[in-house]
Amino acid sequence: MRDITTRIAPPLPTTAEKLKFYGMWVGLALFLLVLPKIFASGGALTTFCLIGISIIFALSYNILLGQTGMLSFGHAVYYGLGGFLAIHAINYFGGHKWPIPLPLVPVIGGATGLFFSALIGWVMTQRSGTAFAMISLGLAELIASSALILRSFFGGEAGVSANRTKMFRVFELSFGPQIQIYYLVAAWTLIAIIAMYALTRTPLGRMCNAVRDNPERVQFVGYDPHVVRYLAFCFAGMFAGIAGSLAAINFEIANSAYLGAVQSGTVLFAAYIGGIGFFIGPIVGAIFVTVLSIGLSDLTSVWQLYFGLFFIGVVMFTPGGLTGLMMMHRPLWRAGMLTKMLPSYLLAGVPTFAFLTGIMLAIETTVHYTAHPNEDPNIRAFGIPFNATSPLTWSAAVLLIVVGFILARITWRRVAHTWDETLTAARAKVHPL
Amino acid sequence: MRKTLLAAALALPILGSAAAAEDTIKIGYIDPLSGGGASVGEVGLKTFQFLAEELNTKGGVLGKKVEIVPLDNKTNPQESLIQAQKAIDAGVRFITQGNGSSVAGALSDFVTKYNERNPGKEVLYFNYAAVDPVLTNEKCSFWHFRWDANSDIKMEALTNYMKSTPSIKKVYLINQDYSFGQSVRSQAKAMLAAKRPDIQIVGDELHPLLKISDFAPYVAKIKASGADTVVTGNWGQDIALLLKAAADAGLKVNWYTYYAGGTGGPTAIKQAGLNHQVFQVSEGLANLDHQPSRDFEKAFRAKYDFGMFYPRAVNQMRMFAAAADKAKSTDPVKVAQALEGMTFEVFDGGEGFMRKDDHQFFQPIYISSLGERGDNEPFDEEKTGWGWRLVAKIDTQQTVLPTTCKMERP
Amino acid sequence: MLELIVISSLNGILFGMLLFLMASGLTVIFSMLGVLNFAHASFYMLGAFFGFQISRWVGFWPALVLAPLLAGLIGIAVERYGLRHVHKNGHVAELLFTFGLAFAIEEVVQIIWGKSPVDFRVPAVLDFPAFTIFSTNYPAFKMFMLLVSVVIFLSLLLVLKKTRVGLIVQAALTHPHMVAHLGHNVGRIFMLVFGVGTALAAVAGVIAGPALVTQSNMAALLGPILFVVVVVGGLGSLPGAFIASLMIGLLQTFAVSINTSPASLFGPLDPAWATTWLSDIWNVTVAQVAPVLPYLLLVLVLIFRPMGLLGTRET
C-alpha cells in the first residue's frame, strides 16, 4: 500500500480553525436531527439507518485499509459476530427483564467485535500485504461456513430473530417505530465517527500511518509493526461489531449473510469508492454504495452490470475515489480559480454524457432482445420510455457511442491541458515565488 | 452522468412512488431478479404477471386492476426487508414471495411485527413456494398464508405412494445441508419407518448448499451403498449436477425429488438420459388430463418459452380474488379473514382448502416422472421433447398433517 | 472400502486436474503481475460459453481451439486497456478492477445466454464410458480432461524451462524488477502472460462446461478456491500449483466419503449437553465440512509456511 501517501489526519488546527472544526460536528448533529423531518417515509428512514450503519462499518474498515494498509477480505466476520451477539442479548435481556435498554446493546456488539478481533488478530497481523489478505479470506470462509454448522447459536441459514420492543424501556421509548431506530442509529453513528476521527489523531493513529508507509522505519524507531497492526485490527473489529449490532437492531434478525463474503466485499467497495486516503472518504463511499445498491435495482434489471462498469470506471479514472476527485480541486478552490475549469468540463461533459447514454441505450435494448423477446418493445429504463425495436433507437445508440467516444477523447485531452495550466497558475497565485 | 444517476438513485428510495393510485391493487413480488437465483425469480415474476393479466381481463378484483410490483431481494433476508419496506411505502398491502425459507421466515416475522406496530396499515404475506414446515407450525403467523404444500406434506404424499411400491427396498437420502434439506431427511426417515419398516435406509447424506461443482464423490457413495432409490429435496444446480454425475457414473436408481422440474432440471435429466427414472412430487403437472388447466398451459406457453411451474400461484391469485369478493373489500384484514378456512376448486382439478389453524393450503398432490411422451401428453419441458407423465395422485385428505400452530389473531 | 478408496482417489484426481487447469493460468498471472485476479474464474466461464456457442456452429473440436483464443484476446485487451492503467494505482485498485470486471462479465453472460444452464453436450466421439471399475463408469470425456491437464502441465513446464520466452517469464516470476532492469519489455510480457493465462482458464471452461454445468454462476462457484490453490502451492511455482490442486481435489473427495463425526467415535453426548452448541459440533460429520477444508488448509499453510508448499518467495 505504498501508494497511499496522502495524510489522513489534517495538521493541528489554530484557534479560528478550532471553532470551525467544532462547529462542523455540531452542524452534523443538527443535520442528523432535522433529516427525518424532511424525509419522513418509512423507506427513507430505513435507507438512512442503513447508511449510518454502513458509514460506521466502512470507517472501521478504513482503519485497516486506508490507515494501516491492511487489505482484508473478511471484515464482515466481526460485523456479523457483533450482530449475532446483539440479537442474543436482546432476546436474553428482554426475556429475563434485565434493566438494560436497547440503546446500550451496541456496546455489547462492540465488545464482541473487540473480543474476537483480539483473539484472532494476533496471528493474522503477523503478516501484512497479500499474506494478510489471503489469511483473512480463508478465515472469513471458515467462520461463515461454521456459522451454518453451529446451528444453535447462529440459527442455521434462517438466522436468529428478536423483538426489540421487548427490551427494558426508558422514557417510554418502545423502539418499535423506525423513527426511534433512526435516532438511535444516528446517535451511534455520530459517536463512532467522532471516536474514529479522534483515533486518527492519537499517537497510535499516526503510528498506523507509519506502519502503512514504511514498516521498516517503524522498527528502527523502536515500535513493533506487528503490535501496531494488531491494535489497529482490534479497533477496526470493535467498530465493525458496533455497526453489526446496529444492523441487528434495525432488522431484528441476524443471519449468516452478515458474516459472508458479499458483506466483506461491499465494505471494501464502499471504502475504496469513497476514497481510502481521506477520513471522510469511506463516509462518502458508504452513502453512495448503500443508495446505489438499494435504488439501482429498481431502475434497471441489469443493475449488476452497471455496478461492475461503474466500479471499473472509478478504479480506472479516479484512483483517489470520489473524495480524491473532490480534493484534487482544492488548490484551485483556494486560489479561486475553479471557474476557469468549468468551461472545459462542460465541453467534455456533453460528449461523455452522450457516450454513456449511448452505452446504456445499447445495453437496455440488448437486454430487451435477449431477456424479454416476445414482450412489448416499449420499455422503460431509468424512468425513460423508448421503443427497443425501432431502428431509430439502435442507430441513435450507435451514433451516440461512436461520436460521443471520439469527441470525449478530444475534449478530455483539452481538460487535461487546461487542468495543468490552471493548476500551475493556482499554485503560483497561492505561493508566489 | 454519475451525478444524474446518483440523483435518480437517491430520489427513488426516499420519495418512493408515494402516490398509490386508488384503483389498483398492488402486489409486491419480492424475489431474486438478479444474481444466481434470478432464473427462478424471473419465471415466478412472469407467472404472476400473467395471472394478474388474467384477473384484469375478467374485470379485476372488485373492479380494481391488479398490478404486480417486482422487487429484487437478491435472495437475501435483509434485502427482502428493505424491499418490503419500500413496497409498503409505494402503497403495497399484499406481498408475495417464494424462494428461500430463510427469506420467508424473515418476511413473515417482519410482517407480523409491522402489523402489530402499525394497526390500520396491515400487510398480508402470500407465500407461494417456501416450504419450511416451521412457517405453519412453531412460527406461524396470522398474516402469512402458504399455498405450496410444505415439505412434510410433500413427504407424506410421497411416502404414501412409496408405501404401495414394493420394488423400493433400499433408499438413499441426499439433501442440502440447511433447514429444508434437514426436514426432508428427518421426515423421510420417520415416515418410511412408520409406513414401510422393511425399507432399509442405506445412506443419509447432507451436502453444503449450492457449493458443490462435482457430485462424483457423492455418487460413488450412493453406488457403494447398493441403493435402488434416492430421495432428495435438492433444487437448482444441486439437482442438475447430481443427476449429471449419476448418469456419468452409470448409476441406475430411481430418483424421488421435490424440484427436478425446476429451471434447468429437465435439461439435465434429458442430458443424463434418465427416461422416466426421475420422479417429482408436486401439486400439478402440465400433461394432466384436465381440460381447463391444459388450456391455460397452452395460452401460457404461447406467451413464454417455459411451462407453468407454479400451479399454486394460480390458486393463490384466484383465491385472493375470490376472498376479496367474499369479503367485499380489499382490506388485508378482511381478506385474511375470508381466506381462513376457504375451500377452492384448484387449478388442476379437485378440492383444496386453506386450513384455518395454520394458514396452510391443502390440495391434491401428484407424483409424476419425466421422460418420452405418450399420445395424450402434449407438453414437453425446456424444449427437450420429454414431458411429465402422471404416476400417482394423492388426494387432499391423504395429505393432511397435524399442526402445532397456536395462531394469535388480531 | 477398497472400492470407495479407489473411486475416491480417481474422482479426487479428476477434480484436482480440473482445478489445476484453471489455476495454472492464475498462478502465472498472480505470481508475475501480483494481481489477485478475481475475474480469472470469469474467463473460465467465458470459455465455457464461447465453447458452447462455437460448438453449436462448427462443432466441439474447433471450439476447443477457438474459444480459448477468443478469451485470450479479451484477456489481452483487458490487460492492455484496463489493468495496465490501473497498475500504477496499486494492488487494491487492480483487485477492485478485476472485482468489477467479474461482476460485469457475469451480467453480460446472463444477458447473452440467459440465467439458466445451457445445453452443452459432450462431443459424440467421447460420449462413452472409457472403463468400468467396481461397476462405476468413467466417461471417456473425463479421461480426456485428465489428458489435457497433463499435456498442459508438461508443455507449460517445457515452455518455461526450455525456451527463451520461458526463461524471461520465469525470471519475472521470481525477480520481476530485475527483468525490467535488464531491458525487457515487461509490459508486453505481462500482456502476453495475461492473455495466455486467461486462455488457459478458457480451455478449462470448454472442457468443464460439458462435464459439469454451463451456467452464469459457474465462475462464482470455483473462484475463491483457485486462490487457495495458488497460495497453497506457492507463488511462482507451477509444480506447486499442480501438487496443491491434486491435494485439494483429493482432500475434498476423501472428506466427502468419510461419515465420521465425534459422536460416531466417542458415542453420543451426555444428555445435559445435548441441546447446547456443543452438540452441533459433536454431530457434524467430516463429509459435511468437506468444502471448508481447503480454506482451513490455506490458513494453516499461510501461518506455518507463508511461501506456500513449493514457493520461493513470501506472498
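Just a few scattered comments:
We just call them A, B and C in the order they show up, numbering each chain from 1.
Here is the rule we use: a contact is a pair of C-beta atoms (placed from the backbone, for glycine too) under 8 Å apart; a residue touches a chain by one contact, two chains touch by 3 or more.
None of the values given here were measured: they were computed from a predicted structure.
In this assembly, B is the chain whose CA centroid lies farthest from the centroid of subunit C. The chain pair with the larger count of C-beta pairs in contact, out of B-C and A-B, is A-B. If you average the Cα atoms of subunit A and of subunit C, the two centres end up 31 Å apart. Centre-to-centre separation between subunit A and subunit B, using Cα means, comes to 36 Å. With touch defined as above, residues shared between interfaces to two or more other chains in subunit C number as follows: 110, 114, 288, 291. Residue numbers of subunit B whose C-beta contacts span two or more other chains: 35, 42, 177, 208.
Shared contact sites, meaning residues of subunit A that touch two or more other chains, fall at 145, 302, 304, 310, 371. Those residues of subunit B whose C-beta lies close enough to touch subunit C in the complex are 35-36, 38-39, 42, 177, 205-208, 211-214, 216-218, 220-221, 223-224, 237, 240-241, 244, 248-251, 263-264, 267-268, 271. Subunit A contributes residues 39, 41-44, 46-47, 50, 145, 148, 156-159, 161, 163, 165, 176-177, 247, 251-253, 255, 257, 262, 288, 291-292, 294-299, 301-304, 310, 352-353, 356-357, 371, 374, 382-383 to its touches with subunit B in the complex.
Interface residues of subunit C, counted against subunit A in their complex, comprise 34, 36, 82, 85-86, 88-93, 95-97, 99-108, 110-112, 114, 224, 227-228, 231, 275-277, 279-281, 284, 288-289, 291-292, 295-296, 298-299, 302-303, 306, 314-315. The touching residues of subunit C, counted against subunit B in their complex, run 3-4, 7-8, 11-12, 14-15, 18, 110, 114-117, 119, 121, 129, 132, 134-139, 142, 211-213, 215-218, 220-222, 252-253, 256-257, 285, 287-288, 290-291. Against subunit C, the residues of subunit A that register as touching in their complex are 1-4, 65, 71, 123, 126-127, 129-131, 133-135, 137-139, 141-142, 145-146, 149-153, 261, 265, 268-269, 272, 276, 302, 304-305, 307-312, 315-316, 319, 363, 366-367, 370-371.
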